[in-house]
Each structure stands twice: as structure tokens, then as C-alpha cells.
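These notes open a run of structures that come right after.
Next, two complexes with chain A in common: one pairs it with chain B, the other with chain C.
Coming up: the complex of A and B.
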């Protein structure tokens, strides 16, 4: 198993290398000049001389392959360069914003999973009864509503009308409530429905009928034979969802003034802050790959068939 | 494995809870001595000699300059009480104000002034855009409160450029480190940075050592709110006391807030001009009469009323009236459709066979209007103009492009009409004129068709080095009148700083200089 993990981790590096090269080229293709963006932001009139001076300072006058090579060599030593805009180390800056994002997205993720599972189970158990109808309505509404509007609606009711919660900013736990709800509701809408369908499907399987015939007690059938199977598709999608959440959520971060990765990235893109864009994408690819890997292991844990296919006895 | 999962669950929950922090500063009447405003970006590290993410308004709260613009835009003494200019106008001697202290208690004197100037001059690449940094050859401490600057050539805008928010402002001695990297923001200004949480909020306290009039409020909080609608929501929810700045909220939101009687609104004097440049080197706009016709044809007043909800003043000429050297006998091009029509006929554009669009020698009257499509005001201006001028038989082709292509069009002169703005009170007119001589500017391209463009450039070069004040005034008048008579520009409106605040706030003031916020008199 250790060898397997090691192999998969080693496999990350060629993907990341290829990706970084690709992104580097792609960034050059987008029209826009970081030097001009810097000057505009600094309120300095962008004369030709000023642009040339800034380009030189940022190392943009070097040939492309040399720029990439320099980046790669320092990246291998975990030095990802400095932001064009702030002059700070990219790694430190990204970590700063990543912590804020982590706080928001993990809370939203946990809430999503817990609530979806509860709603999914109840909706499946009381199929076609009022709770099921309600959950269906919720899921249609929840997945159709645009995030920014949902965010503003929540702010309007809970902070403007009722005055219970702050409308934005990153303060104590109360400031976490509204952005987390805004992030979770669309996912809950989706996941609870997914789980309900999958529960209903699994409960029709032969092995469930057989286990009833074997005289097993109902709660144990549900836990061991139905729920465990039904969770598999949910695991796959939740892995993807976690990846997206960790990448930062521009809209929610803007609406709630949350200092997270999404906003940081959008600022970097508008300012053509190449080192930041480059590192962000490589870092996010890394996170996605790691989350995927974890989902694979979790699936193998839930579903012993997968374990056997991988050719190992334990996870 | 099961244990591992629940372990991860518990750890995550703990992480989230411990990740929470103390409450953000709140606005409202229960904090009588605190003013909360908001800004779309983080204030930055507040290095007085640096650009980029350092927000100018925040640098201006903490640091001060030798001289300053007053409400009328005129230069007044500030950290320098007075100054003398040598006979050859190449040496400026400043007599510094005594008893000025930095917020850390250290003294401001000529030694500190020299140290700050030298730090700026030691990084010529950073500051080369400002002509003054290229002109200074020597800085000298004459006595503890006398400081002298020697220039290579005469350079009359020296005082104007010393008044800018950056780079010539003063950092406390202790905050320079050996590699000239800056440590902490310590200035002589009315506010002192007290607490700072990056991208969340910055808290400034009143500088108790301040030599001038101290701020009324004890605390000034700048909360980072990137989204305009979220800002309006926070304002209505009394989480912030005041919205102060340019372009912070949408025009619709402004209109909505303006109509609420619990809120007060106000605007600063005009700070620049939105003026369309008409290309004298191309197509129909080559004709002097035609350019004048356009000036008479566009109803800027209605545009401001209908589309800008009167947030801006109507601009009658390229520069606002209180700009230095602005002649007061310019005859503005009033909105007058019938005059526009007769001028159009005069230049040969006629309505043929009941066609909507005028023609001349079989060519339809079509003008390309280039603007930055990402800018809301530019877009509505272009669209408004299109629909308005159609009534006069002029077909405007909208060319809304991205920022880079917009800059490209400025350089190439590939436009009939292009959106343009003057540089702002602190740079007008000298820096704006200076740039008119540079081919990469829309101004240059638009003026290229003038018969005496070379002569005009020559005049501009002269006025920038002219040492005699009266001569200079005359020369400026000449240049400004020429541009006005030629109708190279179509002035529309003057953007300004907007304030919206709750009605328990008083003493809101405005500066003619963008990013110099006057928050010292604000009280509850």
C-alpha cells in the first residue's frame, strides 16, 4: 500500500510540470501587459518609458524560455517568486488567503455532507410523502438560484431586516454563518437528491431482499447494505465539490467581503500578476489531485470490491 | 479507519472554531468616536515611497508633504512654513515647520527630510515617471530646519509635484532599514495606523502628537468591502458610517440612497474632466466646423441628469475653471441643435432623399467611437451619444473594446472619437500638456491634423520651462484657447469624490485632489 501511495504521489510531479509549462504559455497569449496594469494601479501615467522601466524590473524583458526556466528552478526550491503587484512572496500570500478559504469551505463542506445525508435518508424513507415533496422543492429551488442573489437575500433578511448577523467581513463565528449557508445550499440541494435516488435504487437490489430473507434486523440492513452502497456516488461528487470549494469562491467572497483565494486570484488576473496566477493554478491542481486521491481511498474503504481490484488487502 | 474519519471530523471542527477571530469594529452611534468607512482594496503596507497596492488615500492619512493644495487647488505651506527660490530658479530653500513630531515621538527636521528625499532619489527607476525626480541633482541640510534642493534645470511645477501623495512624503527615521526597505508606517499626519488585518480592516487612531488641527474622531476604521452592492448593504445596515470616494457604488445605488431622507449625500469640487477627443486627422472630424458642430450637438447636461443622476458637474471646457492658468474668457459650446445643423450643412453634410443619415459626395456620415467597454460610464456615454446624434443624422459606430485594445487605439490614432480624461487636479494642466507631445497618446493623435501641430508642441515645450510667471500665464492661455477654438475636445462632465453618510454625521469635507480625503472634521 505504501508503494502504491508513493507511486501516486510521484505521478503528481510530471502532471504538475506539464501544467505549469502550459499555463506559462497560455498566460502570454492573453492580451494585457502586467507592466501597464501595475502602472494603472499605481496611478502613474503609462508612458512608454515608464512601461519599459517596469517591464525590466519585473524581468519581462527576458526571452520566454528564460523566464520559464528561472521560474522552474526557483519553484523546485519552493520559491515561487514575488507578486508583481505587492512584491511579497507568492507562497506566503497564497497561504494567508488559503487559510481564510479553508475555514469557509471546510465548514460549508461539513455542513453540506451532514445535512444532505440527513435530508437524503428521510426523503428516501418517507418517499412521496410531504417531507419528500418539500425536499424536492428545496432542491429545485436551491440549485436554480444564483449564488450572488441567494447571498444578498440572506443578508437582506438576516442582517438588514432581523439584525441577527453581520452582513460581511471575517469576524467571529457569526460572520461565518451567512457565507457558509450561501455556499452550502446549492450543494445540499444537489447531494440530498442524489443520495435519495441512490438509496431508493440500492434498496431494490437483490442482496437487500436476501438479507431481509436471512432475517437480519432492519436497521442493520439499512446501515450495512443500503447506506454504504448508496454513499458511493455521493463520495465521488463530494470530492469534486471540495476541490471547487477550496479553489475559492469569488462570488461568495465578494458578497461577504471574505478575504479568500477566489478574490485574490481574480485581482491577480485583472492585474496580470503572472507569478500569482502561475502558482495558484499549480497549487490548485495539486489540491485537486490530492483530494481525488483521498476520495479514491475513501471509496476503497467503503467498497471492498475496489480494494481487491487494486490488489491490496488493507487500506 | 472509522476512528480516523471521526478524528479528522473533530480536528476540522476545532480548526474552524479556532480560526474565528475577534469581532470586527462596528459603526453606529454607540461608538461615538469611531468613524467606519470602506474601501474595495486592502490599504496596503503604507510605504510612503511606494506604489502598487499602497492605497493613495491611506498614505495621505499618515504622511505629509512640504506643501499642500488648498480647497481652491492652490499651493500652500504645510511641513515647510515658507521657501525661497534662487535668482536662477534652480535652488529652492525650504524653511521647515518646527515642533513637528512623528507619531513615534521623533522629530521632523531637515535631516529627516534629506533622508526621505535621498531614499526616493536612490530608486530612480521607480519614480522616473515624475519629472521632478529626474531634475533634482542635490539635496542639502543647511541647518536643522532649513532644507535645500538644487535642480538641473529650471522646473516650475516643482511645488505641484512636491504636493503629490507620493513619493515626496516623510517617513520616521527609525523606519528605514539598511537596505532602504521600509519597516512600519510612521508619519507626521493626522492619523496613525493602529491595527491592521490584511484584506479585512485597518484601524487608524488620531495622532495625539499632531501639530495641526487634530481629527475630531478618535478612531477611523477602513473596512475592505470589494463589492459595491455589499457596500450599500453594509451602509444601510449601519455597519459602515459613510461611503466616501469615486466609483465605489453603482449610479443606481447612489440614486437609491440619495432618495432616502435619513442619508446625506455630497460631492467634491470637479477633479478632472471626461472629454472626448475628436480626431482632426481622419474622416469627417478633420473639418474644424464639423468638430464644432459635434460640440453643439451633444447635450451633456441631459446626459448628466438622466444617466449620471447628477453626480457630476457639467464640463464646459477641457479643464475645470479652477485649474491653474485656465483662462476665464473661453466661450463654451452651448447645446444648440439648430446651430449644429447649420454647421453640418456648412461643412457639406446634407440630408438626402429623406435618409436618416446625412451624406456628403455619396458617403454616409459615420463616426467610430472607441471606448473601454469594461468602464460603465464610458459605455453609457457612448450609447447615449449614439442615440442622441442619430436625430441629427450622424451615425455613431460603437467600438467598445477591452482595456488593452483601447490603449492600442490611443497609440495608433485609429478612431474618430475616443473617450479621454484629463489627468486630475494635481497634474493639470502641466503634465497633461506635456503628454500631448508624445505620439502614444490619444491627444497627440487627435491633434495631428491641426495645421500648426508642430508649433503647438513647441509652445508646450516652452511653457514647461518658462520662468516668468506672467509669460507662462500668457502662453498657457494661448495653448488652451487654441485647443478650445479648434474644438479638438468635447468636454462632457467632471468626475468627483462622492460621499453618502448617515444623517448623524457632520463636518464632511472634500478636497479638489483625488485621494486626498478630508476626514479630520468629521464628527457625530
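Coming up: the complex of A and C.
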């Protein structure tokens, strides 16, 4: 297990190296000139001399491989350049915004898991009864609702009409409620349904019938034999969900003026702030690779069958 | 019995909504009651009435007309993206699955990489690289949405091409082209249809979402998400500016999901 983990961590570096190279090449395809974007954002008139000077300063006059090499060397020293717009170091800015995003998505993640499990269990228990129908309608609706619309509706009712909660910004816990709800509702709709299906499938298994035949009491069968197995697929999906929640904040942050990564990236894209765009991509790729890796470990830890298969693949 | 009836009603309802949206999108310039681009400050922010069904916006433009006209961007845009993505996925998936070998390996590696990231994230990154705008957004979404379909097609082709009837067809001297079009694709296409129908809704949500962020279709074009973006300052005093564009996106996406479910049932495809 330890060797497996070490190998996976080592594998991260070539992946990131390859990815950063790919992104660097891709960035060359961008229509427009970074030097001009820089001058526009610094509010310097783009004369020919100014453009030449900036190209030299940013190293844009060097050949491509040399540009990448310089970028890589500074990146290894955790220097990812400065934002054209603010002139601040990109790494520090991103870390600040990332914390805000993390707070939002982790809260939403916990809420999604807890509520989905509760709804899923009740929907499976009272199959084809009114609660099940209600949860079905909820899941059908939740998968089709545009996130920004849901956010505005919640703000309209809970902050504007009722005045219970703030409509945006990042403050105390009350400012977290509406963005988290907006972010989680579509995923609760999806997950509660997944868990219900999984529960119903497991409860048809032979070992469940067998434990009934052994005369075990129904609550203990449910807890020990059905729920435990049914939660396994949810574990796999929840890793994916964490990724989706991290990405899904883009729109929610815009609706609620939440100072997070997504809004930062959107501003950078609108302003053609090249260093920010480039670092955002590398940073998110890193985060996702790490999240995916942790999901793999978690699965291997819970399900020994996977551990064996994984081990044999590398031998 | 009741549920069958309800299902049928839901299907009829959703198909007619989609058909209507399609017709409106095609003939929008001829059917809109008021010019969707003409502002008039004397009729700013009017609530819904007999004359202006869904009210007017902050520039005095008729929201109902703008929504009808917006079907050209949101609805047709999503349809075009999903169709191109489906065609790409059939072509690439078939080639990768049927030829196998090195091509297939490259395809599988790329698709595994892409699957590790959420579609919204990849689309955001691509829009970041190409720059904001309608065509760039559509291009980015095609690049995102062809992949799951191509994997589906590839996996089915890999499985089907070893079936006995395919070997027999080959012994009969059938060319690869004939085997693919006559013996393999007819089984694959219903699956692609189900997925693509579901994708139209998802693409529509992406187009509206990115336009809402200001990275997709730009105002004054009345794309539904962009409409929410431009009028966001007036939502609380004039909620109809928010309710109707969102509602129409919701209903259309829901209709596509229902239609996809229906096709899944017709073709007996498991989830």
C-alpha cells in the first residue's frame, strides 16, 4: 500500500510536466498578443516602442522552448509571474481566492453527502410511496435547473422578500447558506437518486435474503448488510463530485459576489490576463490530479479487491 | 396505469415544447410581436401585461419577444453543438474501436485525461484559451462534449466487432465500410441518440451559464443566460426579468431530459 502511494505521488510530476508543456503550447494559439494585453491593462498607450519594450521584459522575443524553460525554472521556485491587471504575484492571489472557493465547495460537499444519504434511504425504504415520488420529481427538476437561476430565486425569496439572509459577499456563516444551497441542490438531486438505486439493488442480493433467513432483525440487516454495500458506489462518485463542486463554483461565485477562484478566472479571461489564465489551468490540474489520486486510495482502502488488482497491474 | 398515462402526457408536453421552440427559433424574425432590439425609454421596466406578456426590461425592450428571438442562440446553438459533437463521436469512436491499435491507445489515453476533469472546468479553460465569444464557446463545447459519446461508440464497436455475425459478414467478403454501416452502427446509433438528446440540455445549460458569466454570447443579443446577466441590477424591483428567462431554460432542458428518457425506453437501453 505504501509503495503504491509513493508510486502514485511520483507519477504526478511527469503528468504535471507534460500538462504544463501542453498548456504552454496551447496558449500560443490564443488570438491576440500578451504584450498588448499587458499595455492595455497597465493603461500605457500601445506605441511600437512600448510593445517592443514589454515583449523584451516579458521574454516574448525569445524562442518558444526558451520561454517555456524560463517559465519552468521560475515555476519550480514557485514563481508563476505577476498578474497583468493587479501586478501582484499570481500564486499568492490564487491561494487567497482558492481558500474562499474551498470553503464554499467543502461545505456544499458535506451538505450534499448528508442530505443525499438521508433522502436516498427514505426513498428506498418507502419505495413507490409519496416520499419516493417527491424525491423523484426533485431529482428530475434538480438536474435541469440552471444554477444561476436557482441562485437568484433563492436570493429573491430569502434575502429580498423575507430578509433572512445576505444576498452576497463573503462574511459570517449566514453569507454561506445561500451559495452552498445553490451549489448543492443539483448534486443532492443526483446523488439521492443514485443511492436509492444502489440500496434497492443491494437489497435484492442473495446474502441479504440469507441474513433474513438466518433470522437477523431487519434494522441490523439494513445497517450492516445493505447500507454498507450501497455506500460503496457513492464513495466513488463523491470523489468526482468534489471535483465538480470545485468547478461548479464559477457560476455560484458570480451570482453571490463570492471572492473565489472562479470569479478570479472569469475576470482574467475577460481581461486577457495571460499569467493568471496559465497558472489557473496548471493549478486546477494539480488539484484535480490530487483529488483523483485520493479517491483511488480511499477506494483501495475500503475495497481490498481493488488493491489487489491495482498491485498486479504495476508488477 | 396512472404512471403510464402521466409519462405519455409528459412526453407529449415536452415534445410539443421542443417543436415549438424549434419553430420559433427558425422563424423568430417573422413572429416576434415587438422588435426585440428596439428600446423605448417610455416603457422601461413595465410588469407583465396583456400588451407585454413577460414585461419589459431596463431599456424598454419586450422580454417576450427577446425570449422568442433568443431561441436562435440558446436553443439552436445547443442543438448545433450537440449534433456536431454526436457526429464527431460516431466517426472518431468508430475509427478508434474498429481499427484498434495505436490510434485506439492514443484515443483512450486522451479521453481518460479528459474524464478526470469536470466538463465545466474544461470548457472554462478552453474559453480562457480561445477568448470569450459565441463561436469560441461553441467550439469549446464541441471539444468537451464529443468525448463521452466517442468512448461509448468505441466500447460498443470493440465488443460488437467480435460477434459471430460480423465474422460471417467478413467471410462473405463484406468491406469494412459495409460492415461498419450495415452491421455495427445500426446497433450503436440509438445509444448515441439517447446520449445526444441528453447532451442538448446540458450544452444549453453551459451556453447559458457562460453567457451569464459574460464569456459566451454577448449582449445585446438576447441569449437567455446573457439576458439574466445584463438585467441583474433590476431583479429585485422587477423579478420578471429574472423569472422568465430562467424558467424557459429550465423547461427546455427538462423537455430534452424527458425525451431522452423516452428514447431510452423505446430502444430498451439500460442506464
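Worth pointing out:
In the analysis below, the second predicted complex is superposed on the first by the 281 of 315 C-alpha atoms of A that agree within 3 Å, B and C clash if a C-alpha of one lies under 4 Å from a C-alpha of the other, contacts with A are read in each partner's own complex, and residues count from 1 in each chain.
Following the convention adopted for this analysis, a contact is a pair of C-beta atoms (placed from the backbone, for glycine too) under 8 Å apart; a residue touches a chain by one contact, two chains touch by 3 or more.
As the structure is a prediction and not an experimental result, all values here were calculated from the model.
By the touch criterion defined above, A:57 reaches chain B but does not reach chain C.
In the superposed model, A:179 lies in contact with neither chain B nor chain C. Of the two partner chains placed by the overlay, neither chain B nor chain C lies in contact with A:81.
In the superposed model, A:254 makes contact with both chain B and chain C.
Shared-chain residue A:284: touches chain C; no touch with chain B. Looking at the shared chain after the overlay, A:275 reaches neither chain B nor chain C.
By the touch criterion stated above, A:143 is placed in contact with chain C alone, chain B being left untouched.
In the superposed model, A:29 makes contact with chain C only, not with chain B. In the superposed three-chain model, the partner touching more residues of chain A is B, compared with the other of chain B and chain C.
With both structures placed on the common chain, the touch criterion links A:152 to chain B and to chain C. Common to the chain B and chain C contact sets on chain A are residues 31-32, 152, 155-156, 160, 254. Residues of chain A that touch chain C in their complex: 26-27, 29-32, 140-141, 143-149, 152-153, 155-156, 160, 240, 243-244, 246-248, 250-251, 254, 262, 265-266, 268-270, 272, 277, 280-281, 284-285, 288-289, 292. By the touch criterion given at the top, residues 1, 9, 12-13, 15-17, 19-24, 41, 44-45, 51-53, 56, 125, 128-129, 198-201, 223-227, 229-230, 233-234, 236-237, 239, 402-405, 407, 423, 427, 431, 435, 438, 440, 515 of chain B touch chain A in their complex. Contacts from chain C toward chain A in the complex involve residues 116-118, 120-121, 124-125, 127-132, 201, 205, 208-209, 212-215, 225, 228, 232, 235-236, 239, 242-243, 245-247, 249-250, 253-254, 257. Of all the residues in chain A, the ones that touch chain B in their complex are 31-33, 36, 38-39, 41-50, 53, 56-57, 85-87, 96-97, 99, 102-103, 106-107, 110, 152, 155-156, 159-160, 163, 166-173, 175-176, 253-257, 259, 263, 267, 301, 315.
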